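What follows is chain A paired twice: with chain B in the first complex and chain C in the second.
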Partner chain A sequence: MKITFPHMGDAYISVKVLLDELGLDYYMPPVGSHETMEIGIANSPEFMCLPFKKVLGDFINGLNNGADTILFGESGGQCRMSYYGDLMQDILRSMGYKFNYIHFNFSHLTYKEAARNLGPFLTGKSKLSVIKAAVNAGWTVFAVDKLYALSRKIRCREIKHGTTDKIMREFEQKAQTVHGFKNIHRALTEARKELKHVEIDKTFEPVKIALVGEIFISSDSFTNLEIEKKLGNMGAYVHNTMGVSEWIFKHFIKYMIPFNRRDKSIEAAQPYMHTDDIGGHGIYTIGNTELLSHGSYDGIIQIYPFTCMPEIIAQTTLGEIQRKNGVPVMTLILDEMTGETGYITRLEAFVDMLRFQKEQKYEEKNQKEPIKHPKLKHVS
Partner chain B sequence: MNQILKHAKPQKSNSDITVGLPSSMMFYAHGELWEDFFSKLGCHVEKSGPTSREILNRGVSLCSSEVCMPVKVFTGHVDALAKRTDYVFIPRYISMGRHEMDCPKFCGLPDMVRINLHNKVNLMEVDIDFDKGTEKTKASLGSISNTLGIDYETVKNIFVNSVQNKLDTDMKVGSVEPGIKNMPSIAVLGHPYMIYDEMLSMGLISKLKQKNFQVLTPNSLTRNVRRSHLPIFKNRNFYELGSDILGSASAFLELPQVKGMIYLSPFACGIDSLVTEFIERHLHNTEKNMPFMKITVDEHTGEAGFDTRLEAFLDMIED
Partner chain C sequence: MNPYYLGIDVGSVSTDLVVTDENDTVIKKIYLRTCGKPIAALTHGLRILRDELGDIQISGAGTTGSGRQLASVIAGADIVKNEITAHSIASKKIIPDVRTIMEIGGQDSKIIFLKNGVVCDFAMNTVCAAGTGSFLDRQAERMEIPIEKFGEYALRSKNPTRIAGRCAVFAESDMIHKQQTGHSEEDIIRGLCEALVRNYLSNLAKGKEIVGPVMFQGGVAANIGIKAAFEHELGLKMYVPEYYDVMGAYGAALLAKKKVKKTCKPTAFYGFENAFNEFETRSIECDGCSNQCEVIEVRVNGEVRARWGDKCGKWSNLSVAV
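Right after this comes the complex of A and B.
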């Protein structure tokens, strides 16, 4: 039995830890491969959302490389994601593939269900070793997330252009090739140490941008055309509201904790959307935009794949939030045809506009009381 | 001063209150039930009538371009009513029954419309989320009772009799059109607000009738038939409209008089991207060789091109 699994951003690092620690045989599709993406697109219905096409591409690649078992997790709900599995299995079977399909709905995942699904893989393994593998994988999710968060802080302030990218590229290469929790742990620690030693301009004040939107695209740097890196290298600090850890937290950990308080961002969305759920993570897009547009960020970027229903609904409200709170919101809709050049132009124009606004704000303040003018222009 | 003015304003009695019902989206399925509901509450009911070019254009100009055409058209209908009614009614359909759910856009519809009309419309809404229960519905009936000044129990009873019970029977039986005749037929598939809207469907149903075809739609079958023929998602949560169409398509395969199927889909509809794919796969798997055509329309679709495709399809069937 050989397992394969689809990519979503940096989730592969933790999945690898889990499978390695359990001692299971698996094949991981290449990270960020245009070729697998193309195969996915070619075999998907035209109007399915982009995440579907990418995941299908990964599955085909996995099955072509000796895998016979597909592992897929989703968070359920009123959106198409819940039906990805049904359609994909059908497509793959009619392409002639034979395989085992294991589906996890993280919103309802119980130990029993996990054990039933993974049962055949876990024979002969002690409960303790299984729990240990799960804990290590869980730790990795959050550690990876923290590393990327740190890289976003450093990148926009680095003095030597490209240093952060280089460290992160090396880390990613290691994460893809080394095996086992210990080695991943070491790679993480090293990368963190190196990032902390990057020389930064402490007086530089970057424009701050919060990223909201559909979770797959937001957290998948390949499909979002490396938006975090691009903005960071333009001298903008990016906060991504939709990381993989966020997803695990919302759909898995929260579900297991009996203490059930309404999410802060769902609360914040209520003036605009009088309901708790509009499918996918649409309600969080609205809530986070509202929460983060009261001065803590200079601009908001919503990002989603073409035809994404929850985000189209959310987009309707963002104009209203922008009008009310006065923070610029830009929406980026991605599909397989999105060109890099036009994309960069839009990002640059947005960052320039935010920087201009921020400078003006400082000038206004300066006239009232002389303060030290922070450096807003990027150094390199 | 404000206080005095407020009191000085003559209290409207309910028969003076006009409630607007947009003749679009799910009003093709449940319009009569809601009309009955508001009439029994003593309100004057006003409908926006068939979609016109003006309504369509207005909707397009009010919404962002990403929104699907039916939501744009719906917004146009609400806009038309906003000026001549006191309230416009928009139900928030989340789920119509056990294992049924609705397109996410139905869940956000009242809010999308309110914002696209710049908050310049008084909305009334009823939330329907029957997969989870009736709690949300009760809360929204409560605010209708406040708005109209009618006690909650009365509102609830009228709702149960006019809407809920009928929805229940609809969920169980389904409306049946007068018996299906044994004559050459075309099955027209799609959401009710696509296939029954003369404007959006470019008169597809009348055009087929003119050519002497019997036209069958999901409404020609009972709900039982539609559900029992589902090739997938039996007893699992799926989109209600999706199940209706999927089940119908597979039921029509068994009727020898059905010569072909036409699926009318709005551009980039998320639900249809799944449903049309499942139908095509099912047709393929059953090896029935049923002619199937998917026509995608948006606000820019020209009638001439539409007619040409239709002619070509019918020619192929008649050969």
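Right after this comes the complex of A and C.
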């Protein structure tokens, strides 16, 4: 039995830890490969979203490379009428592949179902080793997200251009090649140490941008054309509201807590959309835009794949939020046809705009101060 | 010797060059068709400038447009800026309190909103090029009407035909259908202008408030039919600046001046003589990793001047050696 799994951003690092620690045989499709994506595009309905095409491409690549078992988790909801994972299976079967499909739908996953699906993998393994593997994998998810968050903080302030990118690239290369929790842990620690030693300009005040939108595109640097890197190198600090750790937290950890408080961002979205769910992560897009446009960020970028229904619904409210709070919101729609030049133009123009606005705000402040306390100055 | 500044806008359809003096006055403007050969168009433009202006001193150069990176490598630039910033800087110079800028070029269209002299919002067409210059060009060609006369035809119409303007392909088939049912050319052209304006406004300005003064620029601003249709739809006067077709290049020249004044460094502009060199570009597909980046290489007289397009910097760092 050989397992394969699809990519979503940096999630592969923790999946690798889990499978390595359980001692299972697996094949990982190449990270960020145009070739696998092309295969996915060729075999998907044209108006399917880019994440679907990318995931399908990874599956085909995995099956072509000797895997016979697919491990796939989706958060489901109303995304494509909950037909996402099933449709993928149908396409693969119609292509003539024979495989074992382990499909988790996290929006209504029960422990019983999880145990039944995972049972065959865990025969002969002690409960303790399984729990240990799960805990290590869980730790990795959060540690990796933390590392990327740190890199975003450093990148926009670094003095020598490209230092952060180099460290992160080396980390990614290591994460893709080394095996086992111990080695991943070491790579993580080394990268964190190196990042902390990067020389930064502490006085520099970057423009702050929050990223909201569809979770796959937001967290997958290959499909979002490295938006975090691009903005960071333009001198903008990026906060990504969507990440794998966020996803794990929402779909696993929150389910374990019996006493569940309503999500803050869902609460914040209520004035604009009187419901808890518009499919996918659309409601979080609205809520996060509202929450983060009260001064903590200079601008917000919504990013989603072409034809993503929940985000199209969410987008209709963003104009209203922008008018109300006065913080600019830009929407970027991506698919396999996206030209990178036009994409960079929009990002650059957005950062320029925010910087000019910020400069103007500071100038106004400086002009106002002497008028505010003319007497104080005179006395001193 | 008086310092002059050069602005270059390499767009998909046109390549524009502007030379300004110390007072930000346009001394010379050149509007050329790119014809898919940006380097040839750019060097041709530089040669014209040298022939007409003689050996003037360029103290700063800026590039903008979709080919801005290539242009900066070929000509040498002190600043490389996106079109939104360049256009807003140029428009502000002409009408300081401008609130809305509409720009329709060959392949893209944009709308820029300003508040207190600072850009506060903008939008660019995303997935569709319907309603941009190339489409109008094509229709004019098909109807055998010179593009310069297109606007006049539209203004002569009393009863515009309704054309489906959502998509360029459907608009064309709708136009053909209307021609075949006997509508006059004038009515169809005016209908097309109105359809394009509707499409532009619903695509770019949806849910956004358009406040005057409004400036209209880009190649399509020469079309009085489109201008009239905008004014009719918005109920606002559209100001078309004198150099409407080279506003991006003008903005780039202004930005270059600002940058040079700030840094006090000598310009990175290679000089007009540089335009007589032999330029060669080629693309390499790197097989170093699964990214398979397409690397672009520019050679001047056989020597590598720059490389770009790689994600990891393996190739672009090499160019420093030259």
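One rule holds for everything that comes next: the second predicted complex is superposed on the first by the 363 of 380 C-alpha atoms of A that agree within 3 Å, B and C clash if a C-alpha of one lies under 4 Å from a C-alpha of the other, contacts with A are read in each partner's own complex, and residues count from 1 in each chain.
The rule we apply is simple: contacts are C-beta pairs under 8 Å (C-beta built on N, C-alpha and C of every residue); 3 or more make two chains touch, one makes a residue touch a chain.
All figures in this text were calculated on a predicted structure; none of them were measured in a lab.
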Original post:
Just from the overlay, do chain B and chain C fit on chain A, or is there a clash?
Top reply: fit
Original post:
Put simply, what angle do chain B and chain C open at chain A, by C-alpha centres, to the nearest 10°?
Top reply: 80
Original post:
Touching A:30, do we find chain B (first), chain C (second), both, or neither?
Top reply: second
Original post:
Is A:134 touching the first partner chain B, the second partner chain C, both, or neither of them?
Top reply: neither
Original post:
Just chain B (first), just chain C (second), both, or neither: which does A:333 touch?
Top reply: both
Original post:
Where does A:357 make contact in the superposed view: on chain B (first), on chain C (second), on both, or on neither?
Top reply: second
Subject >> Contacts of A:306 with chain B and chain C, given as first, second, both or neither >> reply: both
**OP:** Report for A:317: first if it touches chain B alone, second if chain C alone, otherwise both or neither.
**Re:** first
Original post:
Now for A:150: first (chain B), second (chain C), both, or neither, which partner does it touch?
Top reply: neither
**OP:** Taking the superposition as given, tell me the minimum C-alpha spacing from chain B to chain C, whole angstrom.
**Re:** 5
**OP:** Determine where on chain A the residues touched by chain B overlap those touched by chain C, and list them.
**Re:** 306, 319, 333
**OP:** Would you tell me which residues of chain A are touching chain C in their complex?
**Re:** 30-35, 162, 165-166, 169, 226, 306, 319, 322, 328, 333, 337, 341-342, 344-346, 348-350, 352-353, 356-357, 360
Original post:
Can you list the chain A residues touching chain B in their complex?
Top reply: 45-49, 78-80, 82-83, 86-87, 90, 94, 272-275, 277-280, 282, 306-310, 312-313, 315-317, 319-320, 333
Original post:
Mind pulling up the chain C residues that touch chain A in the complex?
Top reply: 66, 81-85, 108, 116-122, 124, 126-127, 206-208, 290-292, 311-313
Original post:
What residues of chain B sit close enough to touch chain A in their complex?
Top reply: 63-64, 66-68, 92, 94, 101-105, 107-108, 110-112, 115-116, 125, 127, 232-233, 237-238, 268-270, 272-274, 276-278, 281, 284
